[in-house]
Amino acid sequence: MSVNEKAAQAAGAATGPSTVAAATPAPEGWEPKIIGFACNWCTYAGADLAGTSRIQYPPNIRVIRVPCSGRINPQFVVRAFQRGADGVLVAGCHPGDCHYSTGNYFARRRYLLATRFIEYLGVEPERLEVRWISGSEGQKFADTVRELTEKIRALGPQRRLRETL
Amino acid sequence: MLMTIAPDNLKNLLDKLARDRLLVAPSMEDGVTRLKPVHSAAEIAFDYSNTATSIKDFLFPQSEDLLRFVTDGTLSIEEIKPERAQVAFGLRPCDLASVALMDKVLLGGEFSDAHYQTRRNNTLLIGLACENPADTCFCTTYGYNPGWAGAADVMLYKDGDKYLAEALTDKGRELVGGPGEGLFKPADEAAGEAVKKAYAEKDVPFGKEVDVQGIDKILDGFFYDQYWDDISKKCIGCGTCTYVCPTCHCFLLTDEARGGQGLRFRCWDSCMFANYTKMASGANPRPTKKERVRQRFMHKLNYYPNRYGGSYLCTGCGRCVAMCPVGLHIAGVIKDVKGVKAHA
Amino acid sequence: MRRVGVFVCWCGSNIAGMVDIEQVKAAAAKMPNVVYVEDNKYTCSEPGQAAIQKAIKEQNLDRVVVAACSPRMHENTFRRTVSGAGLNAYLLEIANIREHCSWVHPDKAAGTKKAVDLVRRAVYKVAKNVPLQRASIDVTKKALVIGGGIAGIQAALDIADAGQPVVIVEKTPSIGGHMAQLDKTFPTLDCSACILTPKMVDAAQNQNITLMTWSEVEKVEGYIGNFTVTIRKKARHIDTTKCTGCGICWSKCPAKLPSEFDLGLGQRKAIYVPFPQAIPNKPVIDEKNCIYFKTGKCKACQIFCPAGAIAFDQKDELIEEKFGAIIVATGYEQWDPSPYGEYGYGRYKDVITGLEFERLVNASGPTEGKIKRPSDGKIPKDVVIIQCVGSRDEAKGIPYCSKTCCMYSAKHAILLDEKIHAHPYVFYMDVRTPGKGYEEFYKRATEEHHATYIRGRVSKVYQKGDKLVCLGEDTLLGKKVAVEADMVILASAMVHQPAASKLAQTLGISYDQNHFYTEAHAKLRPVETNTAGIFLAGACQGPKDIPETVAQASAAASKAIGLLSKAKLETEPLVAQVNEGICSGCLWCKPICPYKAIDGKVIKERIAGGKTIERTVASVNASLCQGCGACTVACRTGAMNVLGFTNEHILAEVDALCL
Amino acid sequence: MPESPLIPLVGTIDKITSETAASDIKTFQVSFDDPAVMDNFNYQSGQCAMLSMFGVGESMISITSTPTRKGVIEFCIKKTGRVTDAIHEAVAGQKLGIRGPYGNHFPLEMMKGKNLLFIGGGFALAPLRSLINNVLDNRKEYGRIDIVYGARSPGDLCFKYELFENWTKYENTGVHVTVDRGDDKWTGPVGFVPPYLESLNPSAKDSVAITCGPPIMIKMVLQSLSKLGFADDQVVTTLEMKMQCGVGKCGRCNVGGKYVCVDGPVFTLTQLKQLPPEF
Amino acid sequence: MSAIFTDHQAALRDEVRKLLTDGTIKGFIGYARGRDSYHPAPAIVTRPDQVDGLILDQFCIFGLTKYLLDYIFEDGKMGIVAKGCDSLALQRLITDHRVSRDKVHVIGLPCAGVINAEKVAQLGLGNVQKVTDKGASFLVEGDKGSRELAKTEYLWDKCLWCEHHNPAVADSKLGPEVENVAMKPRDYSDIEAMENLPPAEKAAYWTRQFSRCIRCYACRNVCPACNCRECVFDIADPRWVGNTVKLSEQQMFHFTRAWHVAGRCVDCGECERVCPMELPLMKLQHKLQKDIVKLFGNPKPFEPSEVEVLGQFRATEDPEEFM
């Protein structure tokens, strides 16, 4: 950051670099921070199964349990990015398998739109992953987390929407 | 003492200033010219009638960190001070006039606003007289004019292919003698005064249309008038007028905390917002647009002059005239109220 | 300031081996609101649970976090634990540091760091938890069964046997359904009527069963345990209290009409019982075709009725009744195969459907069981049976397999050979026989009864003399075949009842693209619908044969019995809740709810100026809501929330995990 | 000391007293952590201070203790919103932020030698309590003192220890308590404050009436006082407005040209009548 | 081509006067002269003596329907003048159950396009005296000059692709209906261009835009789809979007607002038009619109319908990308 940009921030003014900021290298020891939103009935159970099957995956994900993928407001995703998440996983039952019969269909519509929209705002699309992972897909859960972690490791820290106190 | 400075030298000076402090100047971006931090003189717009936002953004920013707290078991509070030096270039007379009005509120009275005071102290104000007042400008209504230097430390007047400059404060003189050394040349005093006079007498057509004389007294008895009901109906309750106004200064304090620590901010607020005076109990002494619209204009044209003596809380910058989405602005209100009074 | 206690479980070495318990404890102790931290070797064990209860009392805890295994494992266990100590069961959160952490992350340092984060998530969340109470609602101890076919009869009998009153609503004049039309049943070839009519009689005589035939469900309101159903009892024009079913009326009636029961192959009168074994054995007057209703003259039935039971001025009655459970058993219809122009159904009299064949072969049918050609009464010698007529043909709008046709075609083949020694030719796409004794039955048709099975579709049926030539291809041999047949039987698809979608809307249940009703879960809740308290039995849910229908009917009945046997229903408190103060009443949440739990309601409110206004807000029926939360995302202002998973909760969890 | 008047100082909640049966009103005794600040904290009856629950926000609360009893700072707080909810959740020993005192105060000079009539309703006895204890601590300087107080029910009465024990001990001092609805144990008067006040028929001569309460009660009390012969300048009341800064800058607590935070909260009825009715 | 709005001014005044006098309506929402001849302002009149202040001219762009929310709890009807685009906004309010159709008397104004006053005001024509419709252009005569202005260049963008020239909701109409054809097809090429930028450039673009935002909420307050009784941005607990103007909060604000309007936007463009900082807000809605069209096969997502696009789904036809 230039003196002026720093100063601009100090001034509290609503400013931002008007040119593309050069990619800043990830700080030493940085590990991707991934927030997962998982439906209770499928993906959370799938993650449990990965556990009971001792399928290892990177420890970068932290899962928030919700009743259904239909509960996952895209605003939660943006909030996670704001708070410093480097990646977000939104996951629920396969279409047709929703415990509440239709929740994931609504989720699908919402995220078909929201993923594109968040990308449009300049967030790398790889940072938001939406996946259907059933209760029997412990392996898929582990694979998804591994792939997501690696993709985000390659991208570096998410600074686009981040805000620190 | 009057001086002149060539445009190139002025740019050099600004570039030099940008190196060690925040340089704020009119800059055009996506079709909007506003005061914003710039990195160099190359980003500055020199040809503009007025900026979309005012100097208020930098002396009394829209959101400002006041303190940092840690609540991890115990409580500690650390005051955050706005210590960075800044220089604001290209301020129009209306903004330069607004600073004095803001000073009265924020620095006057029993308590002085330390954050504002610090920013005032740390900011060098460079004015630039108006060549072409916009058709929404009416500074002359209040006795200001296109050459009004107000709170400027240094005032510039475009004079043909150069700028006439006048350092008005110690800070201004330090600039001329310090970073500006060698860039300014002495001016012919008489010619300079003539330039200043020409600016001061420059025609501001809209200003002639708006006569504010005596409105404070008229409004003393105008609180209950039907007029407020009539005009407030079209207000959409946005904060545009208050946020672009160089003299509106309402704010709120708000906390944000995570993980045992946080910040307390001050953010602008707007008396046009429905929840502005809503209390925790749900009661709201200004429940409808009528009370809120009336409050805004009564404050600017009656409460403020009564409280702080004389001047109105408006400098005729015309931003609300140009930007209010529904054409509900102070110049219109002044004209209306005087018209209503005339009819009465 | 909350008083949160954190209990970190070792799970033996399952957690403690991979997560540094001391570090987790030390970190937890510094988290906001945490006043007490303890570790246990097995928190779920009795001593572990006792330790929680002791700490709640001694440390005056008002919230509990257990860092242990998955909440899917022991959430209920620990809820009971905390409520045993006098704390509300919902003031508990679980940090899953086993399945989601120690078991999957071999790096102890990273695992411990994650465990701390997971505990922090739970600590932040639990601070936002509020005490929640399970509500209880009364249950009306009566079931409604819609449809009086074998599914409805079986379900009603099971419920009645369990001692609960039940009402069967049947839209036709008699119960019995399609099964009453069948002759023999596969794979045992016992006579359909012989096994059905005793059940019909049982249903009629059972004290707990009320039959409402010639009646339809008009309106359904309410929710599980408390449905209010309006039933239209159509005017029968018979005083059923007087009628003895002697039959004089229909013998005297001069108006002859094609019989629906016999699929137009036989006749009935304008006053009629649909078939001899009908229950109730009381006729109805077909208003549209009754000469008296048409002309004002005749009254033959009234004149001859010895009981004086004819009541021309009877009107439809609307009856409102309360039910605790509803079983939908409305069955299916046989698809009209006319769209297959090439098969000539409707054009050639001797091209008939499978169900029509059932009537022809049935002893009480129009031919008294003699298999005769409808055109000339000749006994057919060669009969072609075409399978998959409609079924598995997306071009005809029926993508699914009707499941029963392979078996009943085999049955028809056997009957043709057995009864008239006709030679059956069966054109098929696949022969599907998954069922006990089914494959053997099919084998019997081919081996003992010499049915010729030809794999291929018939492309055209045309008349040649008094023969029907069926042109097709034997795809196994790869050559064209032409079979000269005396009769052609189309194994036509099973499709939804014409009014299936209308009834679904009345009931608030969902149906699929084929208008079969949708079960709550294809595998795990096959007889429930998404509307609590409404269950499915039989072919209204999808094509089924009799054994499967009966099994499902009993399953649905047992679900209903389970429901009705409860004095009160406990409702899960983790349901949606509306903040009426900020609800705009836009009701965009309403169409999203799979359970129809949301509706608008009008509230009164005082506004500035002292005026009282009325406005609409969303209202959640907690008995219907299952707590999925899909509605919350549709609510822009955040007025809709799910208890236990509120916006406040999730935002706090995000904050906690991102620190 | 912080430079900005908007920066609070750290204090501690020393003691919490629940006032009402429903515990929706509690009195918090607080102290500044810095003893020097504690010593120099000088305030007058009627003034307010801004209390901070960090992470939630600030709320302007009237000081209910009396400056005549040095070393004790008390706030009586009703649960009405996010900040007060958070304060109510606090436990003794918890830290908070305090800044102030702010605003004007009750006009003691004008009350000297006069008969004082205090009229309070519900939770609004809080600011009056500061003044009542203040004048009782200098009992000789004033004439007769009558305290008329009402709440919705016996359980809603605040400061019962003052009403029924402390204040009644003083000579020439009357405490008159009424409730809107009684209960099994209540033997005192039942009814709203304004008619009760009228039934007491206090003399307006040489008297000052000081009243605080919910807006609807104030409105009726003012009418009653007028009936009883009190002139506008014999009536003193306080106003409540939404406040943010407390120091006359943020611009939201004005009623006409007056800022309640610096020009108020105490106004005589004469002053009040000159203000537009936006409160 | 059709008559211009000014031709209906007298008829409008007559009708409003009649409606107010006979008690059909208790107030009327229309236009009056604003700060100059280019900027008509909304006006709400309640008395017949105010009616002569009402105007209609070819610059009357402001969508008035949102004002109806001020009167939902009052007795009696409000009158309003509505162009085709305004009637979509009205339908939005009705479909959202915020305004009851029977409490509004709509005077429909068939519209062949509104002149972009911001562009014309730059031309130095002075006080506008007269506007004449010349078919493909408008002749604008001011006291300092006149110009013939091609419609394709000087109408508001939304008017060029408008397919709702005639009000869909109206109790009476001013003048005959106009031909309902778009002057050019709706085109999302600017959105596509943006989509094709690398993430860092998109980020830079939006950072620049959002950091200009002053959070005045004019966009929200003018938007007919932003009609919540209590806006999420005004709710303190939970606070979805912070009060500060830090970039992150600005982005959260604009994401949230755009998202809340997704599939509900009637494409009136008022948010962008009233924005004092000239944020390209419709670029957000057009992106969402474009995707809705493509993903859910809903060709006109800006026409309010009984079921919101995000309040429904197609189990088998919706694209599946998350397997």
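By written order: A, B, C, D and E. Residues from 1 in each chain.
We adopt the following convention: contacts are C-beta pairs under 8 Å (C-beta built on N, C-alpha and C of every residue); 3 or more make two chains touch, one makes a residue touch a chain.
What you see is a predicted model, and the numbers here were worked out from it, not measured in a lab.
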- Message: If each hop has to land on a touching chain, what is the smallest number of hops from chain C to chain E?
- Response: 1
- Pair exhibiting more inter-chain C-beta contacts, A-E or B-E: A-E
- Message: Going by average Cα coordinates, which chain is farthest removed from chain D?
- Response: C
- Mind checking the centre-to-centre distance between chain B and chain E? Centres are C-alpha means, answer in whole Å. 31
- Task: With chain centres taken as the means of their Cα atoms, state the distance from chain A to chain C in Å.
- Result: 38
- Item | Centroid distance [mean C-alpha coordinates] between chain B and chain A, Å | 42
- Task: Averaging only over C-alpha atoms, locate the centres of chain B and chain C and give their separation in whole Å.
- Result: 69
- Where chain E touches two or more other chains, by residue: 208, 212, 214, 237, 240, 245-246, 310-312
- Indicate the residues of chain C shared as contacts by at least two other chains. 592, 647, 651, 655, 658
- Among the residues of chain A, which ones contact at least 2 other chains? 12, 14-15, 18, 74, 79, 83, 96, 102, 106, 110
- Message: Taking the touch rule as given, give the residues of chain D at its contact with chain B in the complex, in rising order.
- Response: 2-10, 52, 54-59, 80-84, 95-97, 215, 240-242, 244-245, 247-257, 262, 276, 278-279
- Item | Touch list for chain A against partner chain B, complex | 2-5, 7-8, 10-15, 18, 83, 165
- Message: Under the definition above, what is the set of chain C residues touching chain D in their complex?
- Response: 1-2
- Message: Can you tell me which positions in chain C touch chain B when the two form their complex?
- Response: 30, 32, 608-609, 655-656, 658-659
- Complex contacts: residues of chain B adjacent to chain D: 66-67, 69, 71, 74-77, 79, 81, 105-106, 109-115, 118, 223, 249-257, 262, 264, 266, 269, 271, 276-281, 283, 285-286, 291, 295, 298-299, 302-303, 306-307
